[in-house]
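First chain written, first letter: the chains are A, B, C, D, E, F, G and H, and each begins at residue 1.
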Amino acid sequence: MSDSFEIDFNRTERLGFPEVIFGASKPLAVLGDILQSYKEKGLNALATKVQPSKGVALAERFPGSFYDEISGIFALEDSPDLEGSASEIAILSAGTSDAFVVNEAYHTLTFLGCKAKRYNDIGIAGIHRLLSKVDELRRYKVLIVVAGFEGALPTAVGGLLPQPIIAVPASVGYGVSEGGTVALNTMLSSCANGLTVVNIDNGYGAAMAAYRIIQSFA
Amino acid sequence: MSDSFEIDFNRTERLGFPEVIFGASKPLAVLGDILQSYKEKGLNALATKVQPSKGVALAERFPGSFYDEISGIFALEDSPDLEGSASEIAILSAGTSDAFVVNEAYHTLTFLGCKAKRYNDIGIAGIHRLLSKVDELRRYKVLIVVAGFEGALPTAVGGLLPQPIIAVPASVGYGVSEGGTVALNTMLSSCANGLTVVNIDNGYGAAMAAYRIIQSFA
Amino acid sequence: MSDSFEIDFNRTERLGFPEVIFGASKPLAVLGDILQSYKEKGLNALATKVQPSKGVALAERFPGSFYDEISGIFALEDSPDLEGSASEIAILSAGTSDAFVVNEAYHTLTFLGCKAKRYNDIGIAGIHRLLSKVDELRRYKVLIVVAGFEGALPTAVGGLLPQPIIAVPASVGYGVSEGGTVALNTMLSSCANGLTVVNIDNGYGAAMAAYRIIQSFA
Amino acid sequence: MSDSFEIDFNRTERLGFPEVIFGASKPLAVLGDILQSYKEKGLNALATKVQPSKGVALAERFPGSFYDEISGIFALEDSPDLEGSASEIAILSAGTSDAFVVNEAYHTLTFLGCKAKRYNDIGIAGIHRLLSKVDELRRYKVLIVVAGFEGALPTAVGGLLPQPIIAVPASVGYGVSEGGTVALNTMLSSCANGLTVVNIDNGYGAAMAAYRIIQSFA
Amino acid sequence: MSDSFEIDFNRTERLGFPEVIFGASKPLAVLGDILQSYKEKGLNALATKVQPSKGVALAERFPGSFYDEISGIFALEDSPDLEGSASEIAILSAGTSDAFVVNEAYHTLTFLGCKAKRYNDIGIAGIHRLLSKVDELRRYKVLIVVAGFEGALPTAVGGLLPQPIIAVPASVGYGVSEGGTVALNTMLSSCANGLTVVNIDNGYGAAMAAYRIIQSFA
Amino acid sequence: MSDSFEIDFNRTERLGFPEVIFGASKPLAVLGDILQSYKEKGLNALATKVQPSKGVALAERFPGSFYDEISGIFALEDSPDLEGSASEIAILSAGTSDAFVVNEAYHTLTFLGCKAKRYNDIGIAGIHRLLSKVDELRRYKVLIVVAGFEGALPTAVGGLLPQPIIAVPASVGYGVSEGGTVALNTMLSSCANGLTVVNIDNGYGAAMAAYRIIQSFA
Amino acid sequence: MSDSFEIDFNRTERLGFPEVIFGASKPLAVLGDILQSYKEKGLNALATKVQPSKGVALAERFPGSFYDEISGIFALEDSPDLEGSASEIAILSAGTSDAFVVNEAYHTLTFLGCKAKRYNDIGIAGIHRLLSKVDELRRYKVLIVVAGFEGALPTAVGGLLPQPIIAVPASVGYGVSEGGTVALNTMLSSCANGLTVVNIDNGYGAAMAAYRIIQSFA
Amino acid sequence: MSDSFEIDFNRTERLGFPEVIFGASKPLAVLGDILQSYKEKGLNALATKVQPSKGVALAERFPGSFYDEISGIFALEDSPDLEGSASEIAILSAGTSDAFVVNEAYHTLTFLGCKAKRYNDIGIAGIHRLLSKVDELRRYKVLIVVAGFEGALPTAVGGLLPQPIIAVPASVGYGVSEGGTVALNTMLSSCANGLTVVNIDNGYGAAMAAYRIIQSFA
């Protein structure tokens, strides 16, 4: 089979953002060819959920590229890290277990030229950590909130802050919460008003949703 | 079929509490006969999840009995209401939607001679309502916490208070949270340490669990 | 049980929108008392998923109120219908089967003072109906997209339009799609970038999410 | 245990097509023996879902055989590749992630002597790619449509084209769409009329279904 | 809400068959208005899963219409019953429990002008009833096979007959088979080659699939 | 549709027991016609899960017939009640909630001419009731054990007694055990050796399984 | 932790068969110690689902023992193979994919001293293979029927033969039938009368169930 | 990303027990840094579900620490083993398959300074082993009961003993009981009064729940 492909190069014109490549199920050679076709057109490109062995090989093949092993994000061209400058988007989570999702969102936003900031120590079991940061968090335009296990963090955030909230369930847990379905369902049925939700582990989708919001009011 | 039954009358000696009758699936006549056999032995008896039409009929048949239509609890003999006196057990919930579960726990405890107090306005979406009551709640020996929808209330309570917590999921919700499974799973996978959980809508079981604890240290 | 309740009256100050009453599981008398307490403070109030028999009784009790039987939305005070004026939010669906969700979103937005417009004839099976409206739809700030059965409409919209999209699965279908879970999962796993999703039949939540976005950039 | 087997050699007479061997759960030695028994009768044979280590060994043992590592299809005798000649069947998919299912269908059809053509760049998120090919696709007798994730492609095809459509869900996705169940359910509940569906990843079954159709009208 | 709708009147030109109305979730008044708009254009129309109270009222409103209470099929104009004449399609089932699905398929085919014949006594538990009809069944172009409970009938048919088979799971059963999911999954994982499947109770979809096949070779 | 049917009258010769009629999903008129056709051949017939309104009507139509409202069992001819005579089969359950399943098994056995005895007070929570009957139970050839909720009774019986055990889950419970799936899975995964299981609420199937055993050794 | 254990050595007296060891989740050292304690008492012992690496090591440690790698059955003392002599039990399956379950049943029966015979070529898709063996199969006292995928074989057997049937679902399949749940549910909801079922892959349990039957009539 | 973390060091003051570290999803380096921060403050710390490769490395890095490979429990400082002294808590299970859960509970209690005793030979299939220990078990304040497969042990214990019971489902089983969901549901729907339940494999949570009880009455 001649494994041809036709890239949707004019998606950026239509939607304001490019097609992104789902890296998990594509062989290294196919991924490399797709990225090469972007490079030849002088375009940057983003691939998600690229496993370490493939990511390291791509990073070698494409000098100047960016690869984050924690999240599996690969970008043809590294983007300047804007964290710390006046950010529009905050990404909240309870800690290092969720870092693979947090980073997927963060690096996607960086790729899109958005300024975002990560808060890695906001857990629901110690509610004071969230309470002490409410005023600081109030200045962002959009909040992305990542949580595994029982996924209650977005509910607590939504009861305290008025901004748009994009909740991301993480597949971190065991027993009934293995795989992230409990966190997902908790977020969907939250008694906090107006939360929106994306797929389990979909940090990339949360970033795109935040980007759609920012872009719509730019 | 002669629908005979043999009641476990000496369960009280063995366990310290009597057999309780599951009322939902028994016809009115059978329920009446079982209760009659207790009455003839001079024993009080408790039936759970008795539907209104059956409950009203039983209340008429057995003078001096107690029936709570909200929870479906029926007791052969009414017990003195101890709410307000120095209670050992607090029952927390977010409001009127969960009252059928709260009341099942409350009236079971009354039947067992335990002092309990209900808090019906503790919701997670407005966390300040919980925070303002933390000191008052600290004086109970056991906390029963009822919640439907996403079921996050026991997690918040467990992060603030050190007592034994019996979490009860309520079958209140719609969409993914219809039937109570989301609340149940949230409680089971809570990141708050040491929560215990009973079946959906099992206010009766939560009361019995609290009673086992109180009894073990009496 | 004296069924007391404590309303979170200062939520508006904290979040910019009031607490909303889940009407489905509350008895008529309790609903009436809660609404009365709002009326006495001179506040408007919104209740969702109020069944027809309760809605009609409340509409009689509270003159000047609004009740929409299709969606079960009840508001203490009717709001001016702004549909047709320059709207910021479009609500898309395939037709009359989804009207109960569409209306819940629409009347919630009206209650919040937002201008929204409904498009009831955008179905995925006849893709030309969507294609012919792409330019018109491009002028809204936020798109709410409702779909039952296989729930593919938000995916098609997301591939054609760049705005923030809040997808709402509707519990319309039969066989495997009964109850709305298929539509929900389709929306969560859409290959269109950056869709966000709310619970099944949660038109109210979609409206609140849109309101959070509009409010964040006001 | 003497692992005997009795092959249904006269199935071809009864049904017009031979018994096919499910390769995934059979040890290499057993697979080899079964294939050998076909070879000794001068018959061609097809095995599906043969893992690479087994497939390579079989290819060595049986000269002139065919093995496709992407799909795991093994045929005792290679068949002439008819792609490009006037085909009766088109196999549509969104790209390289679904290639293992596309190829299983394609090589099964080749084995059966059917002419089929693959279209690997028809994705729903960029609907124009499908729209631009509608006229070309109209000339096939049967359409096989493969999709993972949310599985919406067959719905879009079914709204634009009148032929028999065999939809094949692919186990490509993550979070809620992991394993292919979401794609399956989307296809089953499609609002496009008259789609038929086969098991997840069952490219072989789709090919057999197409063959039954072609054969019935030959 | 002015519940407008826009009908896809030129679907027939595009696909060769008209849009069909899902009757279950539409109020009587809306159904009546949609049908009226077809009548005014001089077109016939089909509605599925119309509940008895609505079906009887529509039959009264539209003289010359057809309504089958068993399946809920309603057609604006009755079609001549072609059963008994040389049919192209056979509809097989085990008996009266599946009649609501069998009839939905049958009357849809009649509406489309196809000749079909019903076999209501083909059950897998008494395999001789199927075996005795194999020769007669061999002369149809397409077989629709309906089954509830364990859904094994299409597997048996598929092992004996070479034609295209559209398997329809019926929501007849109890315990684990309640709702039809077991029959659906049995059909999807059948070891008989090349079965295709439609949604549970989707007799209408099976008819449309058969019609696509017949039409593709007309 | 002329709703014809062909009865498998010679099943008794082939298998030693007649075809049995699933009553739940058949209209009264159809049930009556099927039973009439048996009566005209001078055969007895059994229908299961016949709802009260239909059962009472059939009992009136067919003098000398038997109808048990608890289980929904209907027999054309009443059989002599053999309970109390030397029985080969014991049917164990915890009490009146499971009576609808117990009776379905019991009356099916009576119809088949088997002697069975019911034990309605064997519950696992009061294990002494089972222990006190172990010697008496040892004399039966086959044990049918019915249980709802957590379904642990067959496990306890299987650890104490050596006979063939047919476990029947009952759809009695609430929360996670609603519908009987928990009881079913408990029985399937029992650590007691050699339990066999039938479908939820399938008292009829348990009776037939017991009959197959008795008949095989007669 | 001193991992002590107390073996139920007098189970044989109570039930007529010994405790059996679940080998899958026990470390090699623990398994060895348990088996050693049996050996020292001069008793034979059976372990199930022993993985190859552990099985081979145990076979070396205990001379004269028996290990079947296909099924993972390990017995301290090898038993004489009685297949071929007049057997009481037949084990039916469609072929080599189910051999791991068939062998678990077969070797357990050998361990218990029962005579059993395996039929490995009875598939439902080619029904003539079953029909041609009906008379031969009629002479066994008990039938064990193993099937994966859609699990329809026991239904076909149950419609043709009158003996007790123990159906065993095998975890062979892919897509919806992966893991064996479809086969399990098919067997539980079979329209063939009086099938009994054991857990997925539980060949051992099927053998014990057959042994309980044989023993009860010995 | 500078993977910072902020530890909830004053949780002990608030709740009486420290934050515990979920070890399964954290990389070795992160785990080491978190533990180091505790060590530098002179605090002991507990990590759960630490995989062997990480546990061994941590044990080397932190002299005087404790690591139990069976359960994955790691403690910065080893605690004196109090088993055998007058214990307040008994941990019951059926044997070595559940040891990973039993040990997680036991070592957590040791870390918290609680005296606990393990009973590893209490299985439901041989009920006499439980019966013979009832008097001895009566002297504990709290019972933790671990069970896999069908999870019936806590039900039997709850019918015989009056203390608080914390039931822990173990993910030991196969077929329907694989993963522990059956055991969990059995425990939740137990007919024994007042059982409480924690997540599957959550020995740590059971220990914390027991500690909350002991602490509340200290």
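One rule holds for everything that comes next: a contact is a pair of C-beta atoms (placed from the backbone, for glycine too) under 8 Å apart; a residue touches a chain by one contact, two chains touch by 3 or more.
Not measured: the values here are computed from a predicted model.
Touching chain B and chain H alike: which chains?
In this structure, the chains that contact chain H and also chain B are A, F.
Looking at the contacts, which chains touch chain A and chain H alike?
Chains that touch both chain A and chain H, as defined above, are B.
Compare the contact pairs of B-H with each of A-C, A-H or C-E and report the one sharing over half of them by residue number.
Same contacts by residue number as B-H, out of A-C, A-H or C-E: A-C.
Does the chain E and chain G pair touch with the same residues on each side or with different residues, judged by whether over half of the numbers are shared?
Interface between chain E and chain G is built from largely the same residues.
Tell me, please, which chain's centre (mean of its C-alpha atoms) is farthest from the centre of chain H?
Relative to chain H, the chain with the farthest C-alpha centre is E.
CA centre of chain A versus CA centre of chain B: separation in Å?
43
Express in whole angstrom the distance between the two chain centres, defined as the mean CA positions of chain D and chain E.
Roughly 27 Å, centre to centre.
How many angstrom between the C-alpha centroids of chain F and chain B?
Each chain reduced to its C-alpha mean, chain B and chain F end up 35 Å apart.
By residue number and range, which residues of chain F touch two or more other chains?
Residues 123, 125-126, 159-160, 175-177, 181, 184, 188-189, 193, 199-200, 202 of chain F touch two or more partner chains.
Check the chains against each other and report every pair that touches.
A-B, A-C, A-D, A-H, B-C, B-F, B-H, C-D, C-E, D-E, D-G, E-F, E-G, F-G, F-H, G-H
Looking at the complex, which residues from chain G come into contact with chain E?
94, 123-127, 131, 149-152, 155-156, 158-160, 173, 175-177, 181-182, 185-193
Under the definition above, what is the set of chain H residues touching chain G in their complex?
Against chain G, chain H makes touches at 68, 70, 95-97, 99, 102-103, 106, 118, 120-121, 123, 125-126, 129, 172, 174-177.
Spell out the residues on chain F that touch chain E in their complex, using ranges where they run on.
1, 3-6, 8, 11, 19, 22, 24-27, 30, 49, 169, 171, 180-181, 184, 199-202
In their shared complex, at which residues does chain E touch chain D?
Interface residues on the chain E side: 14-17, 20, 141-142, 159-166, 184, 188-189, 193-200, 202, 205, 207-213, 215-217.
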